[in-house]
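When the chains are written out, they are named A, B and C in that same order, and each has its own residue count from 1.
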Amino acid sequence: MMHGFDVVWEHSDRLLWGVLNTIALSIVGAVLAVVFGALVAILLMSPNRLLRLSVQGLVDLMRCVPFLMLVYLVYYGLPHLGIDFDNWTAGLAALALYNTAYMAEILRGIWSGLPRETFEAATAFGYHGPRLYTRIVFPQVFLAAGPMLGNQLIQIIKDTAFLTIIAVPELTQAASGIQAQYFVPFAAFIAAILIYWALCAIVEGGVALIEKVAEARR
Amino acid sequence: MAKKPAETSETVLDIRGLTKSFGSNLVLDGVSLTVAKGRTVCVLGPSGSGKSTLLRCVNWLEKPDQGAVYLSGRRIGMREGGSIPMSSSELARERARIGMVFQHFNLWPHLTVIQNLAEAPIHVQKRNRDEVMAEAAALLDRVGLAAKKDDFPSRLSGGQKQRVGIARALAMKPELLLFDEPTSALDPELVGEVVAVMKTLAESGSTMLVVTHEMGFARETADEVVLMDGGRIVESGEPSAFFKKPKTERARQFLQRYVS
Amino acid sequence: MTANAFLSLLQGAGVTLIISLSGIAIGVPLGLVLALVRWRRIPGLSQVAAVYVSLLRSTPAVTLCLLIFFAVPTLGIEIGAWSAGIMTLAFVTAAFNCEVWRAGLLNFPHEQVEAARAFGMTPLLRLRRIIFPQLWRAALPGLVNEATLLIKASPAIAVIGVAEITRAATRIGAQTYEPLPPMLTATGIYVAIILVFVGLQRLTERRYGRGAGA
């Protein structure tokens, strides 16, 4: 068994490449999901009832779909619409699209829980439209969102492992590759799992740091 | 306390026949009121008399059902002619001409004290950042909070928060200042510091419409006192006359109840 | 898509449900054991449980599934895809269920435990007669929520070839060169299953209140 870890160590460059892809997919996917999620949250908070309920319906529907299903739908569906992707981009698109729904719901929940008075003060001071959101609403929403966004980022990191099924070269794919070639399943997958653990620990540490900054601003 | 005369008859705020209901509840019933430049008008009245709604109708935070509001001769909320409502960006531009101080301060918690002051002048009025920051620092000095400029609002006492709230409104260089029960949410021992700031503002010639329960402030500082009840103005006049010899029975009852 | 294809999707749905429910049947009590070990602060075991929970909560189900399916046989133990799938889901959900149970235990009114102790009840008896009858009600909404999340994670076991819905859908897609119809149908089946669980969650929340871990 220890021999297995030696083999994995010899091929640590492959794992490293996998981790870098996992990190890139997670971060870019999360950033896209947060940006689109914020836009969707604005629709979810719209005073227009019909708009609000229909968008809420779409968000709820998305949250009922397993991530792997959406990966397949994007992977097979987009070429059908004439848009051709490589696997990496298809995986990223699925990651961003899927998590947009979760991010929107997180941001909406926090937004609707914030006291409305400071938004009203901004209206009285002449804010309206996009600037009201970018200067007054979302800074407060994001200050309160740290822990929940952190949890979602951990979920995103774990979701990237599904992308091995469409052969995206991420961490689990790299571990699978090493194990298939040298037959060291134990060492290869344990190494991958420990790396996932470390990534999630880093996210949790980051959230704790951000919480300290946010504390003063509430 | 020396009363300043109404130097000019230039009208800053002109409210004409405002009517507003929430459901079947008539909150404003044809209220008309003018405030001349440099004058301080205090609106008194029991809770539920419509005072706060009147104030919120001035900058269209509430949309009145009928009537009109003019600021320095320009209609608020409706376009010229009076039948088409303003777009949200037009309305925002008009609101930026009016400063507002809130009962619960409503400071922006994610910004420091000085950022609270500078936020709207920079991002709404698009004024020069350096100029705005210098003015904001001077304003904080004026309300006695220069030392707190980089603190976040959560670190301040209620009285300090409200002084920041007043400085924030002043930073907009507004034509008119609205005060919505600015001392009602404060502990009694903190009321004094806020009232003191409001007095210096009134004496330095700001145009102010103040909804308040602070009878001392109204008596000593206001140029005119207005008593509201049931959505109407029941009496108005100079504070000396109003507090000593109220003309109506309703005002007598009110004063008996609220002035010890 | 033919009626036959639809039938095999339904069969896949059956596999998904059987494997998920088996995972839940193992994971819920396992989570309770882990929570009790941590709650009673049993030396050594408590730390092991804490590490287990932390590790498993960070582990993608796909990766764990590959580990179990490929590594367990190297220990000389035969394991089929089904067993590996069930073990994966059980281990993952146990970690999350542990946190739900533990929140319930930590919120449990201490006076009641005191009272039971005063009446001479042994720890096991206290647990069985006093704590558990109240604990499961508080934990139920949280546990159902975790069950919903488990179903959404269950396609992970397709990676080792278990013929659950996702796998069935890709197979039909590969045979017919029309991947979208079976995929959309499979998605619809998932949505239906998950909506049932979401409904179940609302029901338990209404009946037993917003439980500890919910």
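The rule is simple: a residue touches a chain if its C-beta (ideal position, glycine included) is under 8 Å from a C-beta of that chain, and two chains touch if they have at least 3 such contacts.
This is a predicted model, so every value here is computed, not measured.
Removal of chain A in thought splits the touching network of the remaining chains into B | C.
Put simply, the chain nearest the middle, going by average C-alpha positions, is A.
One finds 58 Å separating the Cα centroids of chain B and chain C. Centre-to-centre, using mean CA coordinates, chain A is 46 Å away from chain B. Chain A and chain C have centres, each the mean of its CA atoms, that are 22 Å apart. Contact residues on chain B toward chain A in their complex (touch as defined above): 59, 61, 88-89, 91-93, 95-96, 98, 100, 102, 104, 106-111, 119-120, 123-125, 152, 154-155, 168, 172. On chain A, the positions that touch chain C within their shared complex are 61, 64-70, 72-73, 76-77, 80, 154, 157-162, 164-165, 171-172, 175-176, 179, 185-186, 189-190, 192-193, 196-197, 199-201. The touching residues of chain C, counted against chain A in their complex, run 54-55, 57-64, 66-67, 70-71, 74, 151-156, 158-159, 166, 169-170, 173, 179-180, 183-184, 186-187, 190-191, 194-195, 198.
Considering their complex, residues 117-118, 120-129, 131, 135-136, 139-140, 143, 216-218 of chain A touch chain B.
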